[in-house]
Amino acid sequence: MFDILAQQLINGLVLGSFYALVALGYTMVFGVVKLLNFAHGDLYMVGAFVGLMAFSFLAPIIGPGWFGVGVSILLSMVAIGFLGVVIERVAYTPMLKAPRLSILITALAVSLVLQNAVLTLTNGQILAFSPKLGFGGVNLGSIFISFKQLVLVGTAAVLMIALELFVSRTQYGRAMRAVSVDKDMCELMGIDVNRVVAVTFFVGSALAGAAGTMAGAYYGSVWYFMGFLIGLKAFTAAVIGGIGSIPGAMLGGLILGLLEAFGTQIPGIGSEWKDVFSFSVLILVLVFKPTGLLGKSEQERM
Amino acid sequence: MRSETGDVVLSLKGVSAGYGRITALHGIDLEVRRGEIVTLLGANGAGKTTTLKTISGLVRAQAGSITFEGEELVGRKASAIARMGVVHVPEGRHVLRGLSVRENLELGGFTVHDSKLRGERLEEVFGLFPILQQRQHQDGSLLSGGEQQMLAIGRAMMHGPRVLLLDEPSMGLAPKLVLETMRIVKQLNERGATILLVEQNARLALKLAKYGYVLETGNIRMEGEASDLAKDTAIVRAYLGG
Amino acid sequence: MSEQLLQLSGVTLGFAGNTVLQGVDFTVEAGRIASLIGPNGAGKTSLFNCITGFYKPQQGAITFDGRAMLPLKPFQVTQAGIARTFQNLRLFRGMSVLENVMSGQHCRTKAGAIAAIFRPASQRREEAKIEQVASECLRFVGVDAADWHREATTLAYGHQRRVEIARALATEPQLLLLDEPAAGLTKSEKEELTALITSIRDERGVAVLLIEHDTGLVMSISEKVSVLDHGVLIAEGTPVEIQNNPKVIEAYLGSEDAEDALAL
Amino acid sequence: MAEDEARSRVWSGLDRWFDTPAKKGAILAVLAAAMIAAPLIFGPYATVILTNALLYAILALGLNIVVGYAGLLDLGYAAFFAVGAYSVGILTVQFGWNFWLTLPVAVAAAALAGIIIGGPTLRLRSDYLAIVTLGFGEIVRIAARNLQITGAASGISGIEQPWLFGWHIAGPLDFYYVFLVLAVIAVIVSVRLAESRLGRAWLYVRHDEDAAEAMGIDRVRVKLAAYIIGAIYGSLGGVFFAVNLTAISPESFSFRQSTLFLMAVILGGMGKIPGVILGAFIVVLAPELLRDLGSFRLLIFAVGLLLIMLFRPSGIWPTRSRS
Amino acid sequence: QGLTVGVQVPTTGSEATYGQDMANAIQIAIDEINAAGGILGKQVSEVVGDDACDPQQATNAATKLASSGVVGIVGGYCSGATVPTLKIYGDAKLPFIITAANSTKLIPANPGNAFMINSTGNDQVAKAMEVFTKRGLKSLAIVNEGDAYSQDLAELTRKAWTDAGNTVAAFETVNKGEQDYSAVVTKIKAANPDGVFWTAYYADGGLLIRQLREAGYQGLIAVGDGSNSPDLFKLAGEAAEGVIGFSNPTAEFLPGAKAFADAYMAKFGNAPGPYAPLSYDGMKLLAWAIDKAGTTDSAAVIEALKGADFKDGLAGPISFNKDNTLARSNFIVLEGKNGTWALAE
């Protein structure tokens, strides 16, 4: 029994890393423009396709191993970063003065556009993404952790920590947080708000691109619908952790991953109830901690 | 009208501006010279705030020209204007929620890339406003109204302004603090900042300022040396009172 | 009815290690105007928030008309008869002046969804009453009937202040808390406000507790002035007593010399 | 007076078209005649699509009370729709109840669901409420997918169509008229609520919770009322949806559906009744009108949606312009 | 004045590839029919109704097809989306040839005008029992995807398997498109069943198979007819070697389908998918029934279909049981070999 739980712990951490990476982008964009970017999961999906394209092109030249995948991830990050900025410029910036719900619907529309565009381009095909990363790993007793998993979790952790430092410690990071509160005041302090928003979208989207490519290479398949579910899950994760909070997104992602892994294992009820289990936990968390685990309460002064 | 000494740092010529269909400024002319404190008086809704916003680029001028050190400001983004050294401390403080007092100040120095210089200015601000140092790690928006006003001024100091546009800095402050704030305004001025001051408390403003303008429904109604304005009976009746 | 309408004893409030109010004992008599002054950050607004249930003090008791207020939620406090205005204007955007003021009557009426759908006579009577009370309050504070159907937030600042007061009066309070109502008003508007506050007391018999930095205004209308500094009540008395209290001058008023020092 | 303001807000200026009883009568008569005649003119396919549009209009009006009036973001509205549909499905098919007896149960179940989910969470800020409602919607869908009593993934089929005083409501045309009547009722109720004390309270709370609370308004109670009323709309929509289709399954109550309902509310212009109805019609009719474009149709629909939002960010229906 | 045939398939949504494939195959059949002089001397064309594999969209599509003057409907891929359309075509009295959807839930909902030319889940389960028993399996893990089709197949399997005195070691549901099945894999591995039966589609099945093998699971893996696509091997890679698949007859294993496959390839540039032959057959069957009835009058066509005795199907002869399901089981057993499907011995 202990083995199983230990294995589920690892499963949960791996899955949670993906959730966390995607949740991070959600949270960043939300943190700055207060927009629930429902297209974020689709950026992840497009990221996977771009990563696969890059990989197919690069593998014959630099090999289908770690290096090839690594470079594909970087390329995908850049491409999706720019795609994010384009979307922001075309679809969100013109809406900044509109009611917030309208932007939400715009985001849903962007999500539909991306999904159906890729559907049309790929004819709905599921493409295989098969790098040669070997099957090596470390054995801890009866528990096996593959190098793939280690690298994945490690990369996710590095990206997250770098981002957290960027946002909390640098002037630019402060400016990002400031923009979310009061754009006019930021302008008055000499902050080019449009640029800050663009950078935010770039970084958030690039993370989605990274996650998408990593997921494609890790699980081995890429298709136009792959962003939907993870988009929802990442949104959930971001909220559990406290939306707008970067450590919160990491924590929320990991918790959700673990909840799902262990939820599958609950005796008596099957895996079909695992999402009910995690959503119930989510609701309970919010009932007792209305701003999510690490979210700051936005108490306004009277 | 105006004596011809000192070079003009900020100049408005025929500036009109407004919000949508509402025109709040109808072609005003105004000048601020180097090292001066100039005050802008007027009743509620006269257009004082709009004037400052138009200078700093938050409101787009519909007509006219605004120059700073000879450069045209109309058409520039607010952030670009701020980077030129025209710093606007808006009405209502606009402390950034979710950022600590210290972070608010740090961001005030966003355009200052030399971190040592930023550090020095921070010390300076803390010297002027010890309460801000005490509360530096607290969320800025949780400060009391008066503390927030200090933060707003401190933030502008971090920027190292060449021209400071102050919009009702004494609003909501306790009497003692009103004086304190005015003293600081004067200090900033003495250290070289040119200041355009909008104040409801006309009596104090005219004491501080060298020159003054009176705005009425979007038009300049009167202008002159501050000391002369302070003696004008019409002004005394309308703005100074007992 | 007890003479002391509102009674605070030992109210202590803190946020994350910051003590904001420290054992504040304080009373307001029925039908009187009392004022609360003090430096910025002294805790005046926080005290209002404690009275109205928005903040929960860690210690102390607040009774109003003999009833304990601390267990109540803000809306229940209002129902009990305490109304307030906010330091920053907080009118309902996108709604007319009249609709804004009608909100005050919510807690004095009761028609629910079913009544709204079927509109029995009782519901229509109630609607008429809500509107009539709101109109009467607007007239009382002197908002021109021509403005009643304008969107409230497009009104001039001074008028918005009045609407806020009318809205508070529409809750039919016994005690009205005003948080810096004169801030940002011109001299003549302040004079009108002074008259309004006096008539709220005299004509409606509503007690007023006023936070205000305009000492002239405070001294001219208050029967009692209390001074808060760093969360502690440092002085209490008639306007004359307060104006000459050295502690108050030191902490709050400042000296005339300081003002003169400003002149170049 | 104030009533006029509320009316003008929900009708968004349309009320000026029927300011005199004569005008009002004439316009209503023309509108009614058009709606009654539509299926006879456009044929059976159009009838089914229009019925669907009316259903969406009812649901959007219900969601509009939650989102547009009370300002609560709800991403799981399909859950209430499911509650109604499954109430009928389960009670008539598994327990052999008469259809009309299930109505009160569906209403009660929806109200209960509204309280269960709303009670503990209505204090949350709207973004958090969004995820809670989303989660709740998913819980309901997954439960329906896994429970025996709901027929699991295949759902419930063979739901009997009701009789009303000897009229068997069965054909597409019958249901068109049923939904038309329901939609009219939905509009009337929506308007009357907006013009009431409760309707104003929703707006107060939506604009400024603290100020509303300071005016003596119990925000939780007021929000809960919006939630429950919205739930009842959704549930009743679901009830008639179930008997119209005679078969229901969990896919009809997915997150996607919820977002579609929300789109209907916002696309036309939330809070404005003609806008909400227009939004519902667009959401239903546009993909149908594009049907002949095959696999491109959803792409074009999505792009169209995006363009609408970009050019009319507050919804297609113009905002009232009052003197 | 030609005849039109309604084709109800998903051309958008997650199942769009299959739907497009079916519509293409029907087009090939129509081309052939037209080349041979049409039906009753009239040229035929298809009109596609996209059901997006969604019940509500399906009702809209079906209503449109039903009211557009078609002589009959061919198609039906997703059982979930097909169930609510049965009544619509039933009310319109249109012959409906269901070429792929095969959940047993369709049978009781059929008003009599629908004909299922793909063997149903019952037949598949019977085949599966046969194979599992022959391979000596005692315990089984069953995994489905929570949709009407895969859940139905999973439940039928569970019942048949336990009725036969075996054990179901795990019965799991995963979400479509979830990608990460490690938690379920761990659970299955711990239960260590002799075999795992995946009752849903290849997209997720491929990943599940791979994750099972990577986790070191060594028992038999079997997949249902939703996973009979050759693409399974692209996704699962080597892990799919030895996997057992139950399938309706697909083009590569039908000797008579060579010409069809070539024509398909020539026209659409890719090989026909798993439901192409049945869809082709469905169209041919409808044409045959109309010819037989000598009229497009639907009652007569439905009569002709009831008594069908259609020999020219690529996938074998077609005749129907009393409940309008295919009279014989058409299931074949496949095995993963060298990166593709081969017939299992």
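Read from first to last, the chains carry the letters A, B, C, D and E; within each, the first residue is number 1.
Quick note on the criterion: a contact is a pair of C-beta atoms (placed from the backbone, for glycine too) under 8 Å apart; a residue touches a chain by one contact, two chains touch by 3 or more.
Note that the coordinates shown come from a computational prediction; the quantities given were computed from them, not determined experimentally.
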Go through the assembly and pull out the chains touching chain A as well as chain C. B, D
Relative to chain B, which chain's C-alpha centre is the most remote? E
If you take the mean of the Cα atoms for each chain, which one ends up farthest from chain A? C
What is the distance in Å between the mean C-alpha positions of chain A and chain E? 36
Approximately how many whole Å separate the CA-defined centres of chain B and chain C? 31
Please compute the C-alpha centroid of chain C, do the same for chain E, then give the distance between them in whole Å. 73
Please report how many Å separate the Cα centroid of chain B from that of chain E, as a whole number. 75
Touching at least two other chains at once: which residues of chain E meet that condition? 12, 16, 20, 146, 173
Which chain A residues touch at least two other chains? 116, 119, 272, 275, 298, 300-302
Two or more other chains touching the same residue: where does that happen in chain C? 45, 54, 86-87
In their shared complex, at which residues does chain B touch chain C? 43-45, 92, 131, 138, 142-147, 149, 168, 171-180, 182-183, 186, 200, 204, 207-208, 210, 238-242
For the complex, which residues does chain C have touching chain B? 15-16, 18, 37-42, 45, 87-88, 156-158, 180, 183-187, 189, 213, 215-216, 251-254, 258-259, 261-264
Given the complex, residues on chain A that touch chain B span 171, 174-175, 177-178, 180-182, 184-193, 296, 298-301
Where on chain E does chain A make contact in their complex? 12, 14-17, 20, 146, 170-180, 182-184, 186-187, 190, 202-203, 206-207, 210, 214-216, 231, 234-235, 237
Taking the touch rule as given, give the residues of chain D at its contact with chain A in the complex, in rising order. 67, 73, 120-121, 123-125, 127-128, 130-132, 134-136, 138-139, 142-143, 145-146, 210, 255, 259, 262-263, 266-267, 270, 295-296, 298-299, 301-303, 305-306, 309-310, 313-315
